[in-house]
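Structures follow.
In the two assemblies presented below, chain A is common to both, partnered first by chain B and then by chain C.
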Partner chain A sequence: MNIRIIKENLVRRTMFGLCLFVFSLVFLMAFGLYQKSKPILAIISLKDLLFSSIWHPTQGHFGLSSFIAGTFWVTAIAVIIAVPLSILTAIYVSEYASKRVRSFAKPIIDLLAGISPIIFGVWGIIAVVPLVRDYLMPFFTKRFPFFPFVSDNYTGFSALTGGIVLAVMTFPIIISVVEEVLRTVSFEIREASLSLGATKWQTIKYVVLKKARPGIIAAVILGVSRAFGETMAVLMVAGCALGVFPKSIFDAAYPLPALIANTYGEMMSIPLYDSAVLLAAFILLIITALFNMAGWGILLHIERKQACG
Partner chain B sequence: MEIKTHISVKNLNIWYGQHQAINNISIDIPDKKITAIIGPSGCGKSTLLKSFNRLIELQDGAKVSGKVLVDGEDIYDPKVEVTHLRKKMGLLSQRPQVLPVSIYENVAYGPRIHGIKDKKKLDEIVQRYLIESNLWDEVRGRLNSSASKLSIGQQQRLCLARGLAVEPEVILGDEPTSALDPLSAECIEQRLLELKNKYTIVLVTHILRQAKRLADYIIFLYLGNLIEHGPAEEVLNNPKYLKTKNYLEGKFIEEPKINKELNLKRTAYPNNFVTAKLALGDLEFGHIVKIIVDNESSAIEIPKAIEHEGHKILEVRKLNQNDWEIVVQKHNGGYVI
Partner chain C sequence: MVRLRSPQVEENIFIGLMIASTFIVVSSLILILATIFIKGFPALNLDMITKTPKGGYYLGKEGGVLNAILGSLILGIGATFLALLVSLPLVFYLNLYLKKNSKLALAARFSLDVLWGIPSIVYGAFGFILMMFFGLRASLLAGTITIALLIIPIMARSMDEVLKMIPFELKEASYALGATKLETAIKVIFRQALPGIFTAILIAFGRGIGDAAAVLFTASFTDSLPYSLFKPVATLPLAIFFQLGTPFPEVQQRGYASALILTIIILCISIFSRILSGKFTKHTIK
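Take a look at the complex of A and B:
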C-alpha cells in the first residue's frame, strides 16, 4: 500500500478539519452571543435598545445608542486622521525615501505596531488630553461655534482624544500594508510612464496608486477594523461618561468595547444586565462584520472593474 | 551619401555598483534608420538602450560617465530636463506595460500629462496613433474598455501608439517582440519598418533573423564591450572580427588565448607598425599577439597594414579614453606576400 497517498490524505483531512474548526469558532461565538442576548430582546424591543440613549440598568433602561454613537465618533475621527496621513507616509517611505531612510523607517513603524495599547493610553493621558483641553478645544469652539465642535466638556477626555490616540495606533498597520502594496507595483510599469515624460509624482498619482488601489483599500479596512475593536487606550482617554449622548467631537464618548470591558462581570445581580452587555458585544460583532463585508465588497467591485473594464 | 547622426555616444561607461556593464563605448547612431543592438544575453544591450533616455538612473547603484548627445545636446548635462528628454524617446519594453486604465486613456495619457486637455484634440490624437500602430480597426468599438483585456500582441501595439502619441523623435525597443506570438511579432516589425521614415529607431534584439530583416545598422556588444558596428550588410554578412563571426554563426564566443603582449604606447604610426611587424616575425604560426596603442590613427592604420601582410585581425577595441587594443593572429604560413 502506498504510504505517500495515505500521508497525503491524512494531511488533507487534518487541514480541512482545522480550517473547519476556525470557521466554526466564528459562528459559535456569534451564536453564543446571540443566545445570551435573547433574554433582553424578549423583554425590550430591539428598536428601544438601539435608539434609546437612557442607560439605567437598575431601573431596567438599557438604551445602547450613546455607546454606538461613541463607537462611530471615535472610529470616524481615527479614520479621518489616520487614513490620509498614513497613506501619504507610505508613499513617501516607499517612493521617495532613500534606502537609508527606509531602513530606519520600517523597523520604527513595526515597533509602533507592537507597542501595547496601554502605553498608547498613558501617552494619550499625558500628551493628547492636555493638547485637546488647552489648545484644540478652545481654538475650535471659538472659531467654529457650531456642530460638531460645541461642547461643555472641558476635561480634554473626549471623542477627539480617543480618535487621535486610535489614529496613532492604526498608523503602523495602514502604513506597513500600503507600503508593501506600493512596492508590488512593478518597476516596468513605472518605467513605461516615466518614459513618456511623466514626472515621478504624475507616475505615482496616475499609475502606481491606481494599480495599488485594491491593496490600499484592504489596508484601510484592516486599520478601521482595529479601530472598531480597540478598547484599552480608548477607554483611558475618551471620557467614558455614562448618560451622555456624544454630539460633538469634544464630548466624552463611551464606545461599545469600553462598555463591555468596564462593566461585564460586575453587578451581575442586576437583572438582564449581563444580557444587555452581551447584546452590546453582539452588536459590535455585527457592525465590524458589516463594515468588513462592505469593504471587501468595494474591493471586489474594483478588482472586477480593473480586470474586465 | 552622408549619414546624419542622431544619437552620439562618447566614451560611455556604466556601472552597477562595482560591476561595469558598459565599457567605454563610443558610437554614432544614424538618423531615421533602424539600428539593431545585438549580442548575447547579459552583454549590456538593455543597459546601453536605457542610457539613451536616462531610465538607467532609476537602477539602484547605477553610475554613468561619458556623454550621450541627442541632437547635439549632452543629455547627462544637469541642465537638461529629464521629462523633456524622455518625451523625445518612445520606449517599447520586452513585455507590454499597459497602464491600468482604458484603451483610450492609455493613448491619451502622454498628451494629457504634457498638458493637452481639449477633448476633441485628444480624440483625434488617440485615433491617429491607433491607426498608425494598426490597432484602430480592432478596438474602435471598445475604446473605453480596459486595456488589460487586450491580447499581448494588441497590448504591444497599444504601447506603440501610446509612445507615438507624445510625438517622440526616437523609438527605443528592448526586444519588443520577444513576448509575442509570431504573427503579432511580424505586425510590430512591419510597423517599425514603416515608422523608420519618420523616427530614428534603436532596437535591442537577440534574434539574428530579426536584425537581418529590420536593421540598417548593427551594433554588436559582448560583455559590455563594443566589438563591431557598421552597416547591417557588412556586419551580418562579412563581419570583421572573430567574436562577431562566432556569434553570428552561433558558435561559442571565447576570449582568444594571447601568446604575447606588445605595448606600443607613445609611438606613432608607422614606427609602431614596424615594431609590430618585427614581433610578428618572431612569433610561431597561428599564435596570437595583443598590441596596445594610444592613438586612434594607429588603431585604424595598423590593422589595415597587418591584414595586408596576410595576418588575421581578431579584434580591435577601445580600452579607455586613450588606449586601443588590437588582437592579431599570425598567418598559418600558408602564404606569405
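Take a look at the complex of A and C:
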C-alpha cells in the first residue's frame, strides 16, 4: 500500500481516538469523583449530607447545607446584578452602538474574560470589601432593618461582596452569548416590524427580544453556572467562616467551591474528609454539567433551526 | 413592562439604561486594572522579579517571586503544548474528516462546550484523583496535565471557530490535486488558519497561567525554582493568594505587586495575540 495512504489511515485512527477521549472526559471525571465519594455515601446518607449544617470533620460530621446556602446566596446576588446589566449592554452594543463604540467595547469585554480569577479577588479585597463595609452595609442596615439585610458581620467580607465580584466575572459570558443570539435574528423580520411603523425600540422589545428569548435564557443559565463554580475570587472575598449559616447578604458565605479549595492541605489527614470534599466536587460537576448541557443545548437548537431556514 | 404614554420617551429611557449598563461593564475592567496598578506599582521593585523567597519572606523579610513567575510560565507553556497536541488534530478531524452533520462531530462539539463550562476547581479535584491513581505526588507534571485538561476546551473551541470559517473551495482544490486529507490539513488548511490558531493558543495560554484553583491540589507550592517534573512548583496566582493571606502589610503589598506582574503578563499576551494575528497572514489566501 502507498505510504501516503498508510499515514492517512494512521492519523485518522489517532484523531478518532482523541475525539472519543474528549467525548468521554466528562463521564470520566464524573466516574472518578463518584468513586472517590462512595466511602462517605456508604456511611452517611445523601440526605443527611445535604441537609445537615454541622461540619466537624474530626468528629465525623459532614453537613454541607451551610455551604450550599452560601453558594446559593453568592450566585443569586451575582445573577441579580449581572443579568440586567449584561443583557442591556449586549443590546446596546449589538443594536445601537456606533462602530467606534463597538470596536472599543468588544476588546474590553474580551479582555475581562481573560483576566485571572485571582486578580478579581485582589480587586475585591482592595475595592469591593471597603465599599460594602463602609457604605453599603451601614446604609442598608439603617434603612431596611429586616430579612436579607440584617447581620452582625461588620468585616465587609460577605456574600454581597462575593456576589458583586462574581457579577463582574459573569459579564463577559452573558454579554457574548446574548450578542451572538441577537445577531441570529434575521434582518427581514426587523424590517417587517419597522415597515409597520414600529420604532427601533418597539422592534427590539416586541420582535427581536421575543425571537431571542430562548437564547437569552441560555445565556442566563450559562452565567449562573459560571458564577456557581467560581472558586478563588469568592474564597478571597466572601468571608468563608465555618459554622455560619448565612441568613443575610451581609453574612459571611462559604460556598462549595471555596470549601474544596480551602481544604487541600488537611483533607488527607482526617478519615472520610477527602471523600466529603470530593463529593462536594462531584455535586459541583453534576450541577454545572447539567446547566451547561441545558444552555448549550438551547443554543445548538437555535443554530440548527437557523441552518434549516 | 410599564406602558408609557409616548414610545419615544420609553425608547429614550431604555437607551439611557443601556448606555449606563455598558458604561458600568466597561468601567469595571478599567477600574480593576487601575486598582491593581495603583496598589501594585509602589510595591514593585527589581527584587520582586529577580529573587526567590528567602527565609522569612512571608513574615516580611527580603526576596521576590521569581520562583512563581518561572513556575507559571513553564507550567503554562507545558500545558499549552499538551493541549495543542490534543486540540489541533481534534479540530482538523471535526472539520476535515467528519461530514458536516455527522453525529460524532456534534457530540464532540457539545462535549467541548460542556467541558468549557466546568469549573476549574473540579478539574483540580479530578487532577488530584488522577494523580493518586497513578501514584504521583503534587508536582509540575501533575499540574501541567491538569491545566492542559482545563484549557483543551478553550483552545479547541476557538480553533474550531477558525476552521469553520475556511472556504470549502480551498479543500476541494487541494483534493482535486490528489492530496490526501492529511496533506490538505497540514499544507493548506493549517497555513490558512495559522493566524487564528495562534490566537487560540495564546488565549488558552493566558487562561492556563491565570488559573489557581486547578493547580492548588496538583502543583502545590514551593519556594525554590522549578527544576524537576516530579517536584512541586510555585505558580503566580497561588503566590498572590498566599501573600494576601498573611497578616503582614509588607507581605500584602508584595501580593499586590505580584498581582500587577500577573496582570501585565496577561495584558501582554492579549496585546501580542492581537498584533500577531494580523502578521501571520503571509501564507493565507484572501
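By definition in this document, the second predicted complex is superposed on the first by the 267 of 309 C-alpha atoms of A that agree within 3 Å, B and C clash if a C-alpha of one lies under 4 Å from a C-alpha of the other, contacts with A are read in each partner's own complex, and residues count from 1 in each chain.
Everything that follows uses one rule, which is that a residue touches a chain if its C-beta (ideal position, glycine included) is under 8 Å from a C-beta of that chain, and two chains touch if they have at least 3 such contacts.
Not measured: the values here are computed from a predicted model.
In the superposed model, A:Thr71 lies in contact with neither chain B nor chain C.
Of the two partner chains, chain C is the only one touched by A:Gly32; chain B is not.
When the shared chain is aligned, chain C comes close enough to touch A:Gly295, but chain B does not. Once chain A of one complex is fitted onto chain A of the other, the partner contacts of A:Tyr206 are limited to chain B, with no touch recorded for chain C. Of the two partner chains placed by the overlay, only chain B lies in contact with A:Ala192; chain C stays clear of it.
Set against each other, chain B and chain C differ in how many residues of chain A they touch, and the higher count belongs to C.
Common to the chain B-facing and chain C-facing surfaces of chain A are residues 199, 202. Chain A makes touch with chain B in their complex at residues 99, 186-199, 202, 206-207, 210-211, 305-309.
Within the complex, the chain A residues that touch chain C are 4-5, 7-8, 11-12, 14-16, 18-19, 21-23, 25-26, 29, 32-33, 35-36, 84-86, 88-89, 91-93, 96-97, 101, 104-105, 107-112, 114-123, 125-127, 168, 171, 175, 199-202, 205, 222, 225-226, 228-232, 236, 257, 260-261, 264, 277-278, 281, 284-285, 288-289, 291-293, 295-297, 300. Of all the residues in chain C, the ones that touch chain A in their complex are 1, 7-8, 10-11, 14-15, 17-22, 24-26, 28-32, 35-36, 39, 86, 89-90, 92-94, 97, 104, 106-108, 110-126, 129-130, 133, 149, 152, 156, 180-183, 203, 206-207, 209-213, 216-217, 237, 240-241, 244, 255-256, 259, 262-263, 266-267, 269-270, 274.
Those residues of chain B that touch chain A in the complex are listed here as 53, 55, 58, 60, 83-84, 86-87, 89-91, 93, 95, 97, 99-102, 109-110, 113-114, 144-146, 148-149, 159, 162-163, 166, 172.
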